Structure formats: C-alpha cells, structure tokens
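Next up: some structures, all given as structure tokens.
Across the two complexes that follow, chain A remains constant while its partner is chain B and subsequently chain C.
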Partner chain A sequence: MVDRRRIQGPEVSVAPIIIKSADKRTCLKDEHSRRRDGRNLEDICPIFLKTGLISQANGSAFIEIRRTKIACGVYGPRQTKIPSFSGKGNLNVEIKFAPFSCQKRRQPYRDAQEKDLSQLVIEALVPSIRLDLLPKSTIDIYITVLENDGTASCLAAAITCASVAVADAGIEMLDLVPASSASYIGGEIYMDSDLAEEQHETGYLILSYMPSLKEVTHILQSGDVDLALTTQAFEQCTDACSKIYSVMINSLLLPIRDTQ
Partner chain B sequence: MAPVLISALEADYILKGIDDNLRADGRGRLDYREVILETGLITQAHGSARCRLGEGTDVLVGVKVDIGTVDIDGTEEEVATVKAKRGRVVCNVECSPIASQQFAGRGADDINNELTQMMSRVLNGPQGGLNLEKLCIIPGKACWIVYIDALVLDYAGNIVDTMFMTTRAALFNTQVPKAIIHDLGDGEVEFDLSEDVEEWERIEGWEHVPISVTLNKIGSRHIVDATPLEELTTEAKLHVMVNRNGKICGIQKSGSGSIEHSLLSEMVQVHIFVI
Partner chain C sequence: MPNLTKYVTPGRRLCFSEGVTAGPGVYERGEYLYASVVGVVQELAPTTEGEPRVVTVTREKVHSAVPDVGSIITGKVIRMTTKEAVVSIMVVGNMPCKDDFQGIIRSQDVRATEKDKVKIYNSFRLGDIVRAEVISLGDARSYYLSTAKNELGVIYAQSVAGAVMIPISWQEMQCTKTKTMEPRKCAKPDIPLPEK
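Take a look at the complex of A and B:
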C-alpha cells in the first residue's frame, strides 16, 4: 500500500556521484601556480591599515589582511606602578583573541597561547623602541584579535599593527617593525598563507625586520626544513617586510596630510 | 622576574674576552661545557633523564604516558581524519625556585610559559621526530598521550639546550606498555594493556627528536653555551633546533635585542659546525 500523501519519488534510484579530488593538496594552487585567491606563491595580500581609531588611547591602529582583523591600543608611557630599579622603560603587551575569532570558541580568560604570543610581540618590538629614554615608565600595548585567518600571519599582522600604534602614540623609536610570515607546504614557500593553507603546512616562518637598520628583531620558525629553503624563505620575508613598511609609513602620513 | 644586575665593568670584561676568543672559564667562543647525561633515574616514570652541564645547569625530565581520548579540533574533514590516527605530546617546563632566586614566587611564570610553548612547538608536528601514528591505539577513540615534564633544578646558563638534550634522552629511555586489541565484532573494539614489562616498546622515532643550539649575540660576535653572567650581557639569543639529519626543526629568537641581517644568516650556519 502506497501512502498517497507523500511525495512520490522515481521508482529507480541512482547513487549520487561524489566529486572529490583524491588529493586536496593540489587544490591549494592551480597549474599556473596561482593560489585559490589568484595570488602567486610569493605574493602577499593587500593590507588595510589605519591609525587613530580608539579615541581614549595615546596611539592606536587597526589592520585588516584578508579576513584577519586586529585592533591595537597603546597607553603610556606612564609611571610604573610597582617601581623596581631599572634604568630602562618597561613594555607590557597583552594579546587577546575575541571568543568568536577562531573556528573553535576561545575562552574569555587569558590562555597559555595568548601569553606566549604576547611574549613574542614584546621581543619583536623592544629592539625598536627607545626604552632607554623612558626610565621608571611603562608602555602598555593591548591587542585584540577580532578575526583570525591563520595564526602565523595573524601574529605577523599583530606585530605590524602594534608597531604603527606605538609610532602613532608619539613614542620615540629607531624604526618601524613590519613583520611577515611564510608557510612551507610540500617543499614550497607560500607567503602570507591563510587558514586553509595553514592546515596543510609542514612548517612556518615569521620574521620581523627593521628595514632602515637592516636588523631582524624577531624570527620564529617551526617545521622540518632544509637550510637552503630556510634561507630562501628568509629572503622572501625580508622583501615582504620592505613592502609592508611602505604601507605602514603611508598609514602614519595619511592623517597628517588630511589635516593639512 | 626580578632583574639580576651586572656591573658595567664585568660586562666590558666579558665583551672584550669574547672579542679575543677567550672566555672567563677558558673556553673559546664555540666551545661547550662538559655534558653529563644519565637515564632511567625515576622508577615511577615511563622514562627519565637528567643532564648536568659543566658544574651548573641541571635539568631533570620525566616522561609519563597515559591513555587519552583523541582530540579532533580541526574542522576540516581531511585534517580531522589525520588527527584521529595520532597520539599527542604534552609538554610542561618548570623552573624550580631552588635553582635560582629569580624563579621564586610568580617570577618563573613567564619563563616557564615561554619554555613550555617552545618545547610544544618543536615536539608536536612533523619536525618533532616521534612517530605519533604509532601512539594511536584505536583510531578516533583512544591514543597514548606522552607527558613530558622538565624540571630545572639548578641554573648556570643555557637552560634551553640542556632541556632539549635531556628530553631526547628521556624519550630514548621511555617504554610504552603494549596495548592488546580485541575485536568484539560489529566494529566494537576493546583493548587491554600488557602487564609483561618485556613486551613494552620504545616510542618509534626517538632518534629523530631534535636538539637545540643556542647562540648568544654579545657585541658583534656570538657564542654558544653561555654562563649566567654571559647571558646578562647577551643582547639577543637565537635558538636553532636541529635533528640528526641536519635539518632545521625550528628557529626562535629571544631576548630584547635585534640581530643584523647578515649576522643572522651566519649564526644559522654556525649551528651545523657546532654539532
């Protein structure tokens, strides 16, 4: 007995054809070595960088690279609360991932990874800031990651953004610190990789570099890599940093041009 | 961390000594102190090792393995299927207050966290060496979790290198109980652990676990295996992790200084010479 109230399907059925490539890795780039968003392997993404978005902060900046969105506020220099003997100023960095910023919800309290990333940002920025001119003072940098599109490129963006915010606060620096990242996927270097590419990576390199002084302020590499490939990635990241540097300078000049 | 200070004269003495390739204890720039490595000291642990560097730095590493559930947090299906077949490594580093005054109270929090994250970054992933797939018991359900706990008992500089050496030795020493899998039919699988110690096995791939070489930049030169006074003079450190095939498994800078572009490339090359 057939139930007439139901929608009648065809009498014969055919199994659906599932189109799925055997190796997803090949999908990361096409035959012309263009990546999913049309970039070449060595290209970085366009950057949106703007200063002075947070009214209460002494200096602030906002950066957007693909879906990565990071806001940064700089407060200080102010007097160190618990004074201990030190001829140099203190730099305090707090990175916070918004609970909705990653694929998995992050706990609102500060976790071990955030503490570690904060430490890395401190190490990347300290060489560029004239802390010797600010004894007994503290500079606070608060970084909020609103959206994370790849942890390595996110950290690089956070360093870039924080450096611009410090400059925006009028704190004396030796140079701006642009940072860039690269992923090692199948023996090739993918500059500025996104979240999907990052899941296939066998390693990464994050480099922050002061272009005017030609000094590396921070380097972090993970993965099983040949010396030759590391050297190549190192050169590519240095070039990328120089490109990001011009974006940073423009973002600082723009508000001044506007007032004129 | 409470700052430990160095006088300008002492710093200058160290700097000039390094320029002349002669350090306070008679070593040259690229000379290591004597290493004493012992394994299997702790019976409660599945593997343990202790390393003394010269007359000072002392690190004890205990490895315990435990059964845990498989952690699948990669949302992409392909990544999840790879993860389902793997065990994992959990690291923890603790600098004991007996090692140095600066580790007392909450003073060690920052350095503990930094070292723990550094070790996790190196040991989890393809560069870590361990064959994580061999640590899987039932795919998607149960796996071995390798807990590596490092304890810094005495501090005379160069914790990072000592820590990686000791970890490698402790993993060599680790014996994992054998899991016997019973198929109950209908896809139901259970397992028992073998009581027989003779059947316990080493973790596959321990020989590929990397070690670290730390280069300290002092003035315009760099040295290995710094003493505490030399570390206070150090502007920036570069940790380079290398495995037995000479592949680089990680590079990390620490410290407050910066490194010239050309010097950095040279420093990375130097590690191979040291090994």
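Take a look at the complex of A and C:
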C-alpha cells in the first residue's frame, strides 16, 4: 500500500555536486600559507574575555575574537516556571543576534537559526553544570551576538563565553567548557575561520571540550570530509580548547587579583 | 585552621581523593578531587578525631540561595486560604534569594500538637514575616514549609491598627499602640539561627 500522506523520496539517490571555485580559494592564503590576517592555518585568533560586565545579572561575560563580539548574562538559579516537578535543575539558553550583527539585517524576533544555536549551546553546557544540586530551579543564560564573524566560530565563542559567565555566577560546575571551530577548505583545516573563509568551506567542526577532565561535551561536524582530516581537525580543536581554557581561567581570576 | 590558600576555577584538580572528603564547592571524580566553583581552596581539620580532612572551595561570589530540605527560611505571607498559607521565601539561612521562591505552610504543619484544631487565620495574617523550615521540595510550584518548632513561626507582624506587635505568648501577640491581642503562631524570640 502506498502512503499518500507523506512525500515519498525517490528510489535512487545521487550525491550532490559540490561546486568548488579554485580561483577564489587561492586568495585565502599566500605562498607561505599565511592567511589574510597573517595567521597560519592552525592558529587561532587572540581572545579578549572579561567577566562581570552586566551588573544586574548573577554572572556575565564578554568575549571578543577578531570581529566577533558576544555578551552573555546568567540569571538564577531561580524558581522554575515549568509546571512539573523535577529533581534536577533546568538550563535555558537564548541566543539573540543583534539586528546589526550580520552582513544582512537580522529580524528582532527569534528565528529558526537562533533556536537551533540555543539548543546546541544547551547541549554543550549541560554536561558541565551540576544541575543535580539545584532541584526545582532554572538557570537562564541570555547570549547576545553583537557582531558575527563566521557562524561556526561565533557558536564556539558563545559556548566559551556562556561557560565563563556560569562560573562567574558561582554556579557549581564540573569544568569550564572552551569550544573551538575548524573549517575544511580545499582539503585543508582552517582553524577559527572568519566570514570570508567560511563562505568557501566544504564543512566544519565545532568541538566543546572539558580540558581538565579530558571529556568532550559536544561535537558538531558537517560536510563531506576524510576520516584522516577529521581526526586531525579534532586534535587541533582539542589543542585550541586547552589554549582557550587558560584564557578563561585568567579572566575569572583577574577580578579577584585586582581587588587584592 | 586553613593551611593552604589559593584561588581556583571550576575543574581545577586539587588532590587525591584518598584520605580526604569533598566539602562544599568540591566534587570527587575518579581518584581525584576537583573544584566546582571559583574561590579559595581551604583544607580544614576534621571536627572529630579520626575522621578524614575536608577540602572546601569557598565562593568568591555568592550565588543566589536555593532552599533545600532542612534549611531554615524567612519569608512573607502573601496569600491565605483555610487550608494553607502561601509564603514568599526571601532568605534561606543567612543568604538572601535574588528572586523569591514560593512556599506553602499547610495547616497540619503549623504546630506540633493539636494539629486538627489549627486555624490558619489564627496563626498567620497577610504580610507577616515568618521563619519556617523546609520539610519537602513539595509540588511543582511550591516548597512545603513547617513552623512546628518553638523557634519557628511569626517573627514580625503588624496589627490591624498598623503598629508593630510584640509576642505575649506562643500564640498571642499584642499591638503596641492599641494594646489589642491578636492570635499568631509566634516564634520563640532570641534564639540565633542554627548553624548549618
């Protein structure tokens, strides 16, 4: 019997044709394989990270990587509004792109991509937060993207920033969660790619990793990539996460050192 | 006495878990102890002889308190029915809550004796400040509270005339202005909060 209510897929499928534009790609790096901003392929960008910018929030953080700028506020733990009993705390994340954050104007209301990214941040952070200690409570995390310089690196920065903000709020957690991203462009790995590089990518990898516990909390990959290349990108992202981790620790300890 | 002082961030490995127990702000995973908040590491001597030492991390920034079973709370009566009084929890132990939590004192939890004769209206009034104990995490909306102890009950109340009232007995308070008596379940005064 034929199921008329659903759209049937074709019986044979064909692999999609991935259009590669060779001429544009060459300008992403020079003959010394340095990128347009002078970085090597495996280098990540310098990071500016500061805690405690939003005074009315319980914890907050601001991150700036290249032109990506993200502010994050953590509110709670406060009484949950969900009408069902739960012995575990609940984590709620809302990412908002400012209307002026991207090349094209973003609508002020929440769109599908923002919901998607919010869910990814939740998945990356939940394993690191000790929600079992906060029954019947909710932690609200509000992330505002002020400027977006590549969606993959923006998501990684949002996870990093949110994790620092949660630690700044004094919420008990297992470890900080740095996240890093890599783009696959022409069979090579570009770490922490910017907007122009991202337009040429054939896939990406975003890794959230707890360096102290050596555990991955979240991994997201898209695109058609070799296993060897993925393994290499995975290792590079782990290294990058460890580097970001030290920046996160410094940003949390700096306000304490300043007051002394 | 603390014998080592340093600042740590969550995920910092502190020491082996053997021979020490994890205090507040510390968790055990595998064979190590890790910090779970930003703060100062302290190694405390055991309270009784022969027990393992306790490692704690004291928060640099206190986060909003969350009520738990057994904690003593201070709150305000915001709603009353014949069966229960609804309390807005404002302080847990000695820590203020940033956002109020909701708690319920059911009529059977007001006092320890003669529970069937309790009338909520003769125990609390709207606007009273109450000290109570959390007895259960309760239902989806509220924590369940109890005042069935001498040191628990109304700690501050205003009379119908609007003046402050002083407790006369454990179930009566007198208005300082009009000298009228009003029924309340009073807390026994001058007992400091039990250390948690």
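As a convention for this text, the second predicted complex is superposed on the first by the 236 of 260 C-alpha atoms of A that agree within 3 Å, B and C clash if a C-alpha of one lies under 4 Å from a C-alpha of the other, contacts with A are read in each partner's own complex, and residues count from 1 in each chain.
Definition applied: a contact is a pair of C-beta atoms (placed from the backbone, for glycine too) under 8 Å apart; a residue touches a chain by one contact, two chains touch by 3 or more.
Please read these numbers as outputs of a predicted model, since none were measured by experiment.
Asks: So, A:L252: does it touch chain B (first), chain C (second), both, or neither?
Replies: second
Asks: With the two structures laid over each other on chain A, which partner does A:L53 touch: chain B (first), chain C (second), both, or neither?
Replies: neither
Asks: With the two structures laid over each other on chain A, which partner does A:A98 touch: chain B (first), chain C (second), both, or neither?
Replies: neither
Asks: Once chain A of both complexes is superposed, is A:H218 in touch with chain B (first), chain C (second), both, or neither?
Replies: first
Asks: So, A:A167: does it touch chain B (first), chain C (second), both, or neither?
Replies: Only chain C is touched by A:A167; chain B is not.
Asks: Applying the document's definition of touch, where does A:S84 land relative to chain B and chain C: first, second, both, or neither?
Replies: Both partners, chain B and chain C.
Asks: After lining up the shared chain so the two structures overlap, which partner does A:L146 touch, if you call chain B first and chain C second: first, second, both or neither?
Replies: Once the two structures are laid over each other on A, A:L146 reaches no partner at all.
Asks: First (chain B), second (chain C), both or neither: which does A:M210 touch?
Replies: Both: A:M210 reaches chain B and chain C.
Asks: Given the touch rule stated above, what does A:R130 touch, chain B (first), chain C (second), both, or neither?
Replies: After superposing on A, A:R130 lies in contact with chain C but is clear of chain B.
Asks: Which residues would you name on chain A as touching chain B in one complex and chain C in the other?
Replies: Of chain A, residues 84-85, 210, 213 contact chain B in one complex and chain C in the other.
Asks: Write out the stretch or stretches of chain B touching chain A in their complex.
Replies: Interface residues on chain B, with respect to chain A: 2-3, 5, 73-76, 78-79, 110, 113-114, 116-117, 121-122, 125-127, 236, 238, 243, 246-262, 264-265, 268-269, 272.
Asks: Which residues of chain C touch chain A once you look at their complex with the stated criterion?
Replies: 7, 9-13, 25, 27, 29, 34, 36-38, 59-64, 66, 68, 98-102, 137, 139-141, 143
Asks: Along chain A, where are the residues that touch chain B in the complex?
Replies: Contact set of chain A toward chain B: 24, 84-86, 103-104, 112-113, 115-116, 119, 123, 126-128, 196, 199, 202-203, 205, 209-210, 213-227, 230-231, 234, 238.
Asks: Where on chain A is chain C touching in the complex?
Replies: Residue list for chain A touching chain C: 58-59, 76-79, 82-85, 87, 130, 134-137, 167-176, 210-213, 248-249, 252-253, 256-257.
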